[in-house]
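Please go over the structures that come below.
Look at the two complexes coming up: subunit A is in both, with subunit B in one and subunit C in the other.
Showing the complex of A and B:
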């Protein structure tokens, strides 16, 4: 029986996860506390918050597991910088300053900052941490695990066999060939910020025609091999020599000049349509590559189910295709299931590292992850006090979920803050902005006024689990509670779901059960009681470029800056006078 | 007139000479306001007093608005430059000043910073009014309304927390010293970074043969690098 703290950080999306006696007790991304989006430091505040939440003294931590090996990473960085001379002359001083000045000392820094004795601090493997985060949190005792991200120490893609407590590496594709970096390079070429704009590329893809540039991608940019592996044409990329740019001049020769950053999108403009076509081709090729990798992982492991991890696993459209592939494989292999842990990106490495170290110390596997509400709880009493000092007029309500449902029915935008905040990039009903899914105008209002984001980005629906098939051509599965997949909207349901249906007729749905998200479940039930579909538009409660709200103070700061109609914090209601 | 105001007045013709320089300067202000917003929000979460938390949240809200205004104006200036170029998104790190200084000295620091910004902005406002750049002049006038309020309330709260005028002044002296120390460290770091870059470039040149050797002994791997055991 052990107290294990898992840590990821020093690249992007720092996080901490606490596992006690094999149970996941808390998991927090540093950005929620530091208020810096994708905080790239070490998650000291998040680690202390996890320990504080559980009432554990840092000296009582039996193992502090860092999600990757800083020395192995330094070796890879150094080798690639030297191999790519002289193109790397600019990157070399900067990369070495970062590696030697900060990253190599991560374990010592963690030990000193948290007060955990140094001999209890260990470094694990990046991809193994990812694999553990997916497999050990999954409902499967036996599964293939596919990890796809930018790069860890050396691997960019790995296949694993998971059985009980055991994770065995089967095969890997190594840096510089990387699906994550392919996606990052194209994200940069499309004028979006890398590690932030990947969702935008996925949303944009639905507006393009993949067939126009698909052959260019498959012949000149990425080569898919018959054995499921892939190779990038490295001339198109610059990640070996310039981590910030990501793509090389060869890519611009093939696809045209990069799109200027921050230029407003106009999908009626042929130039922007071509960028959308490129996004569509990228998405299509990525999906095909992932299907090849998934097939290979299943073949090598002999497993029926699959777990997916790494930043690429946040691609909901690709997940939907893999899920479909698993369900429809022929013979005994049919009816396979897919699981993606909600924080599948680097933050998830903290959870994986904690679960791996916990297993090594002899603790049992945790039960399947039921809920992503693993953060700190909101304090409505504190919110009430501060709101009064702000001159607002907060009032308590008897049934906050019913109150929210009533307001959503009235066409209001409702900020909904309940219980512990979510783990991962999705708001799943604990820190959500909710609205009626019916009118397109709602989407416009949210995109332009609150979120200030591109008009092509879709919003997601949250639906009562048992009603899913009434509105979507899908049933609840292991992905839908965490909003990591998409499903087609049924044509008959379309008039009621305009605000949450993407241009391709799909929606990134979340199915809601009382056991997983009780407040959101009660709200959706309330909507149904009011004669509406038990569905709400559910988007994250954050302003443009900000992390999702965590505390009562963050919620009130959001209220001050953004014109939502009502905010419900616990049982506290704030309403905008009309 | 304070040294800050005199320096700002003296440098204004240079700082605001071209659209490109104006864009850079305004963007830097946007970043500073954004960083200040983060510090105020963290302070709101950290203070035990709900009343002060509310004051910090209001302040943070003003800073967020200022960051937005400066960023928008910076974009306009950048677009009007002879060689227009997009500015990066506004982002900043928090200095975690509340955590580092404690609430009383944090307030002293914020008060000191607001007073300095006010002096600087007044100088810029006068300059823009004098050269007929009314839009920019109005921008600084609008921001200064908030800065005056910030300066006033932080002084009141500082007096409350310090207990008396003398202790408040002592806190202000302390943060000025702290700021000087920070400036010294920053200058040292900037110098060290430059020296470091030069040293690393030298190391890079010396490592050239190693780079060639690595290409031979460790070529890029393609395809699966752990041999699959399956069929």
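Showing the complex of A and C:
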């Protein structure tokens, strides 16, 4: 029986997760507290918040597990800098200064900042942490595990066999060949910010024709091997030598010049259509590569189910294809299931490290992850105090979920803040901006006024779990509660779901059960009672470039900055006077 | 709210740093990696200097591939 704190950080998406006696007690991304998007430091505030939430003194922590090995990472950095000389001569001093000045001391800094004795601080393997975050939180006792990200210590893709408490490495593809860095390089070429704009590439892909550039990708950029692995043509990439740009001149010779950053998109313009075609080809090739890797992982492990982790596992369209592949494999292998932990990116490494260390200390595996609400709870009393101080006129309502449902029926945008905030990049009803899914104008208003993002980006629907098949060609599965997959919208449902249907007829749906998200479930039930479909447009409660709202203070700051019609914090209602 | 604990005494901090240094040496003195050891020694001296002067941190998109 042990108290274990898992930590990820020092690159991007710092996070902390607390596991006590094998149970996941809290998991928090540092950005929610520091209010710095994708905070790249060490998650000291998040770690202290996890401990505080559980009422645990830092000195009582039995093991503090860091999600990667800084020394092994230094070796990879050193070797690749030397290998790529003279291209790396500019980066060399800065890279080594950063490694030797800061990063190799991460365990010492954590020990000192959190007050955990140094001999209880350990470093684990990056990809093993990812694999553990998916497998140990999954509903499966036996599964293949596929980890696909940019790079850890040396691996960029790993295949694992998971059985009970055991995770065994089966195969790997090592840096500099990396699907994550392929996607990141193309994200940069399309003019989006790396580590942030990958979702935009996925949304853009639906507007393009993959067949136009698919052969270029498969012949000149990535080579798929017969055993499911892949190799990049490194001449197209610069991630081995340049920390600012992920692609090289060869990529621009193949696909054309990079798209200028922040230039407004016009998908009627042939130039922008070509960028959309490139995004579509990238998505298509990525999906094919992942299918090959998934098949290989299942073959090597002999398992039926698959867990997917790493930043690439946040690609909901690819997940939908893999899920379909698992369901329809022939013979005894059919009816396989897929699980993706909601914080599949580097933040999830904190959870994986904690679960690995917990298992090493002899604690049981946690029950399957039911809810992503693992953050800090909102305090409506604090919100009331601040609102009054700001001269606002909040009032209490008897049934906040019914109140929200009624307002959504009236066409209002409702900021909905309930309970503990979510773990991972998706708002799942605890820190959500909700609206009616019916009108396209709602999507326009959200995209242009509140979110200030590209008009092609879709919004997701949250639907009552038992009603899913009335509106989508899908049934609830292990992915849908966490919004990590997509499904086709049924043609008959399209007129009621215009604001949440992407151009390809799909939607990134969330299925809602009372046990997992009680307030959102009550709200959707309320919508149904008012004669509407039990579906709401559900997007994260944040503006452009902001982390998702965490506290009452953040919620009120959002209210002051953005033109939503109402905000409900616990049972407290704020409404915009017209 | 749990407060950030007071920094440990100097001898504890030095002990922790020594532990990391020993781990680093053990890693790079492995027969498959000792060719990197002389380079690392020079860089470590530079690293210690950086540490004493407050350290450095960079944030760029591909920082995790290089740094």
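Quick notes on this structure:
Methods note: the second predicted complex is superposed on the first by the 578 of 578 C-alpha atoms of A that agree within 3 Å, B and C clash if a C-alpha of one lies under 4 Å from a C-alpha of the other, contacts with A are read in each partner's own complex, and residues count from 1 in each chain.
The rule we apply is simple: a residue touches a chain if its C-beta (ideal position, glycine included) is under 8 Å from a C-beta of that chain, and two chains touch if they have at least 3 such contacts.
A quick note: this is a predicted structure, and the numbers were derived from the prediction, not measured.
The superposition on subunit A brings subunit B alongside subunit C with room for both.
With both structures placed on the common chain, the touch criterion links A:511 to neither subunit B nor subunit C. In the superposition on chain A, A:195 makes contact with subunit C only, not with subunit B.
In the superposition on chain A, A:418 makes contact with neither subunit B nor subunit C. Applying the stated contact rule after C-alpha superposition, one finds that A:96 touches each of subunit B and subunit C.
Looking at the shared chain after the overlay, A:83 reaches subunit B, while subunit C stays out of its contact range.
In the overlay built on the shared chain, the residue A:465 is in contact with neither subunit B nor subunit C.
Contact with subunit B, but none with subunit C, is seen for A:172 once the two complexes are overlaid on the shared chain. After overlaying the two complexes on the shared chain, residue contacts for A:485 are found with neither subunit B nor subunit C.
In the superposition on chain A, contact of A:389 is made with subunit B only, not with subunit C. For the combined model, the angle formed at the CA centre of subunit A by lines to the CA centres of subunit B and subunit C equals 60 degrees after rounding to the nearest 10. Between subunit B and subunit C the least C-alpha distance in the superposed model amounts to 7 Å. Residues 79, 82, 88, 96-97, 176, 193 of subunit A lie in contact with subunit B in one complex and with subunit C in the other. On subunit B, the positions that touch subunit A within their shared complex are 38, 41-42, 44-45, 50-51, 53-55, 57-58, 60-61, 64-65, 75, 86-91, 93-94, 193, 196-197, 200-201, 204, 207-208, 210-212, 214-215, 218, 220-231.
Against subunit A, the residues of subunit C that register as touching in their complex are 1-8, 12-13, 15-17, 19-20, 23-24, 27-28, 33, 36, 39-40, 43-44, 46-47, 50-51, 55-67. Those residues of subunit A whose C-beta lies close enough to touch subunit B in the complex are 34-37, 79, 82-86, 88-89, 92-93, 96-97, 169-174, 176-177, 193, 225, 227, 229, 231, 234, 260-263, 296, 299-300, 302, 382, 385-390, 545, 551, 553-554, 556-557, 560-561. The touching residues of subunit A, when paired with subunit C in their complex, are 11-12, 40-41, 44, 48-49, 51-52, 57-58, 71-72, 74-75, 77-82, 88, 91, 94-105, 107-108, 111-115, 118, 150-151, 175-176, 181, 184, 188, 193-195, 239-246.
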